[in-house]
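As written, the chain order gives the labels A, B and C, with residue 1 at the start of each chain.
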Amino acid sequence: MKQEQIRELRTIGITKRFPGILACDSIDIDVGEHEILAIVGENGAGKTTLMNMLMGLYQPDEGKILINGRETRFRTPVDAYAAGIGMVHQHFMLVPSMTVAENVLLGMRTYQKFLRLDMAGVKRRIEEISSRYGLPVQPDAYIWQLSVGEQQRVELVKTLCLGARFLILDEPTSALTPQETDELIALLKRMSSDMSIIFISHKLAEVTALSDRVAILRQGRVVYRGSTSEKSIAQLAALMTGHEVNLPRNEGLDSCEEPVLAIDELRVRSDRGFWALDGFSLTTCKGEIVGLAGVAGNGQRELADALSGLRHVDAGSIRFLGREIANLSPRQIIEAGLGYVPEDRTTEGIVPAFSVQDNLVLKDVRAARFSRGPFLKLDAIKRNAEDLRERYDIRCASLAVPAGSLSGGNIQKVILAREIARKPAALVAVYPTRGLDLGAVEFIHARLLELKSQGTSVLLISEELDELLDLSDRIAVIYKGRILDILPAHQATRQKLGLLMAGIREVA
Amino acid sequence: MKSWFRVLYVLLIALGAAVAAIGMGAIVLAILGKDPLAVYTVILTEPLRDMFGLTEIAVRMTPLILVALGIAISFRSGILNIGAEGQIQMGVIAAAATAIFLPGLPKGLAMPLSLLAGTVAGALWAGIAGWLRARLKVSELLSTVMLNYIAAQLYGFLLRGPMIDPAELQVGSGTPQSVRLPRGAWIDRIIPGTRLHYGLVIALVAAVLVYILLWRTRWGYEMRAAGAEPKAARYGGIAVESCLIGAMVLAGAFAGLAGAVEVTGVHRRAIEGISSGYGFSGIVVALFGGLHPAGIVPSAFFFGLLLIGADMTQRIMTVPANMVLVLQGAVILSIISAKVLIADKYLFERFARSLSRRVAKRETGEHAT
Amino acid sequence: MNIFAFITNVLSIGIPFSVSLLLASTGEMFNQRAGIFNLGCEGIMSMGAFLAFMAPHTLQGTALEPWANMLGILAAMLMGGLMGMLFALATVTFRAPQGIAGIGLHMLGWGVAGTLFRFFVGGVTGIPGLKPVFLGMNALAYLAFLLVPASWYILFKTPWGLKVRAVGTYPRAADTMGVNVARTRYQALIAGGVLAGLAGAYLSLGQAKMFADDIVAGRGFIAVALVYFGRWNPFLILGGSLLFSIAQSLQLAIQVQGIAFPYEFAVMLPYVLVILVLAFAGGSTVRGPAELGKPYNREKRV
């Protein structure tokens, strides 16, 4: 088994249920030798769940996995690796406090001697793999010292070191710049002469550039299987979403009447103590959406924290409607009228154990509308929730269910409803559509544009270039804690933004 | 169908937890060569036989309710108060000192003042741990445990030194205890001839107040939010650190009050070992009562029964009363494990599926025959 | 009083004092490196101290007497391992919250030791005159100090140590690499329990030469604090253990000197020291195992 080439991998009727959802519904896919299969689908379509079953992380409730026609069961990832299947996960499976070599060694029984680690052996193996595929890595570097692109290389090398001859890549481009993405695609094409690859993505341009065949998943089912070249990108998109989606676009004109949020020469430290924001300046105007593009980890998180009062500002100023808000408390900033849609909706946006109606007043329990003296006005809280549920189409069995039990899109609606109901003068939205299906994305984009038309100034922090191009009046690019350039939306292109995100400024 | 599965699932886990807790106690009893069933019968029924047993249960309930209420507030706010033992002792000392050093006060003033002093002392003592956690990120689990040991030494020092009954030094055996409190500071007995006192009423009123605080006021809302998801609370403009300190101060206040009620209502002088494990028992009572006042009161009754029952078993069956500690430890481990399992949607889903498959199989089987 | 003699005196009392702390906190370090915070250490030590004491107590005058200490120590380690396993059952298999589970385990261990002791022995009793024993207590002390470099080596240079660090920092990554997270955590908790049991045994057999309900007197909790203070590193933990035990022996030495000072305040000293140490350690940016205190569920979607 160990040495056997995987000529064909096939799943028959794979089904997996999670509480409340059917994640995979009788899925059949097959991949042949030296073939690249793209698995395409929206977030929540069941792609990752399916792959985790191929890797032995989840057990399928029904169905079989066949390798070269023989039924195989993977109880743990060890079984999958033994059969030659390896996976690069979307969230890298690397222990940050350990070195590259240690991370590789963790999965390699052969170098785990009795009471001893064969470091020299594992380093030789890393050398061998990295020179064979042209993937330079430093075995002694700690993972936390590496950039996202470097970490991905390590993930690939690690998976190959473990003997993978069948590679699964889950959304490998989600944290890369457009240029890094191109390099990765070229690399994978080269590697396909050596092995079969499953490539999971929802970015259709990459799918058509790379794959031979495609399987489209929608709500846990395969809705299309076939050769990639037979369908256009538009046709694939329609199959993926189940309907033609035309995301709303910002048709407004960019003219600044009055500044709302003026950030000037901001300096903020990261958790590790270095300057995450180092002279960051940006101004947003009334009725304007400013997009902030950039590869994750260039100071977006710290900027959002500083704006909401959760991180100390060491220097510089944040003027909101002419008033200095740097280093005010979160409460003071909320009361000044700054709305906020946090990055992690399930732990920062809502209190998951609280009911929907309680979450809808999270920022307003002190307001006279919802409390008299120290006592809560339970009736008013309930009425408020009923009203917002109607207006924002929040789907929940009852307003008393824990908000954490709602789907991602509905949780985001709860957060937006709460924020917009407060009539903010400015709204900071951090990755507001990450991981949502297109229907929810459409709803959220429409709400953001509506806010703009009402005169609210929106700062949209996102890593989806399409979202930024659709919604923004101007797009600023953050790189290593400062603004590298600001482009009016009509002048911005994916290519230009990509170069800026990589830190390359075109010579004018 | 599904709701029936749910009921069955919860019942099975609860049953499993009960069996585990009772079983752990039974193993220890078996090692002692006692019949576990006989011992459990004595523990659970003996105190219920007469007035004495019943009133003594109520006497134990009073501090248990108060301590558990405070612990429920702290747990719900995301800070675990393990230090009630020390806070009780600080409450006892402060209440006794107030009563002793202000002897001339009328009853309407002396008793409330003593209780207030005990409450404040407990609150301040717990506040140290709350402040350390909120400002310096010191684990409250460790700091409250350390403060327990410190409080015990401080208590011992005061009772052996500055506050010792002068009579003990002159004619007595030197037992470390204070003089008897002046009558003005006493909480009256409800039933003369027993030790049952009006402190129980204070505890029951406190239970209602804690319910209102936690679920009917914005303070309670903010504290619960800070405990349930501190990050979201912070983004929501709630000062999480203040909630932590506030919750800890309240928890200490209730423990301090428990101490003050105990000394003014039951012993009427500060003696050694007055807290008698109420601090730890309070944790069990609070968890068993679901961290809710409506659950804490019956739960306090049950553990009051266990405490008295264990005392009686010591006399009747020579099983050391430490046995109650064994049961409490076993109950904690079982309850928190069961709670997680009951909340585990994945496990329930799997349970429901396999059950419905089995039911379906039986039905088709019946049709076939 | 010669200052040199005084220092020698302090050290000669203090260093043996550090043995039980060192053993317990090294065990706790393995627990925490694997991501589990075991506050029940105190209860395991109580049981260990009790069982180690029981062997010479019951075997007095029998043929097994020369082996009694050895048997006691083994019993303590065995029980420690079992209690570690019980804790793993609650916190790894059932994923119960660790802080409060630790308190439960502490109450259980403390309660069982107290119950059995009172039933079978009664009041405070010393251990019958220590006959020449198979394994002297000094040997145990040397073993404890040897454990420091050994556990450093185990943690950083062996496959098992690598797995322990991985499951404590990023269990999902370890899982995808074929490391059995639950098994590794069980192993670490059992190892920690064995060491805590041994720490208890040293306390009753080697240090106090007697047993009482409250013999551990918070050393288990102090051991947990020392792990934070020692940054999850065996050598720093050794430093912490020595610091504490020397502070304690210093306090004893001062009392012996006859300086008027209420002894309660002297007894308080180590506990106050723990709080101070934690307060200063808390502000630092060095972080422990990232997943410390969090249960792992493979089936949970992320």
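Convention: a contact is a pair of C-beta atoms (placed from the backbone, for glycine too) under 8 Å apart; a residue touches a chain by one contact, two chains touch by 3 or more.
Since we're looking at a predicted model, the values are computed, not measured.
Colleague: Counting C-beta pairs in contact, which chain pair has more, A-B or B-C?
Modeller: Pair with the higher count of C-beta contacts: B-C.
Colleague: Farthest from chain C by Cα centre, which chain is it? Let me know.
Modeller: A
Colleague: Centroid of chain A to centroid of chain B, CA atoms only: how many Å?
Modeller: One centre to the other, that is 45 Å.
Colleague: Compute the distance, rounded to whole Å, between the mean C-alpha positions of chain B and chain C.
Modeller: 27
Colleague: Would you give the residues of chain B that are in contact with at least 2 other chains, written as numbers and ranges?
Modeller: Counting only residues that touch two or more other chains, chain B contributes 346.
Colleague: When you check chain A against every other chain, which residues touch at least two of them?
Modeller: In chain A, residues 18 touch at least two other chains, as defined above.
Colleague: If you look at chain C, which of its residues touch at least two other chains?
Modeller: Counting only residues that touch two or more other chains, chain C contributes 299.
Colleague: In the complex, go through chain B and note every residue touching chain C.
Modeller: So the residues of chain B in touch with chain C come to 24, 28, 31-32, 80, 82, 132, 136-139, 141-143, 145-147, 149-150, 153-154, 156-157, 160-161, 280, 283, 287, 318-320, 322-333, 336-337, 339-341, 344, 346.
Colleague: State the interface residues of chain A toward chain B in the complex, per the touch definition above.
Modeller: Residues in contact with chain B: 17-20, 61, 308, 310, 329-331, 333-335, 340, 342, 344, 347-354, 358, 362-363, 365-366, 370-371, 374-376, 378.
Colleague: Residue numbers of chain C touching chain A in their complex, please.
Modeller: 157-159, 162-163, 165-166, 169-170, 172-180, 285, 290, 298-299, 301-302
Colleague: Which residues of chain B touch chain A in the complex?
Modeller: The contact residues of chain B facing chain A are 216-219, 221-222, 224-225, 228-229, 231-239, 345-346, 348-349, 353.
Colleague: Provide the residue numbers of chain C that touch chain B in the complex, in ascending order.
Modeller: 39, 43, 86, 89-90, 94-97, 99-112, 114-116, 118-119, 213, 217-218, 221, 224-225, 228, 262, 264-265, 267-268, 271-272, 274-275, 278-279, 282-283, 295, 297, 299-300
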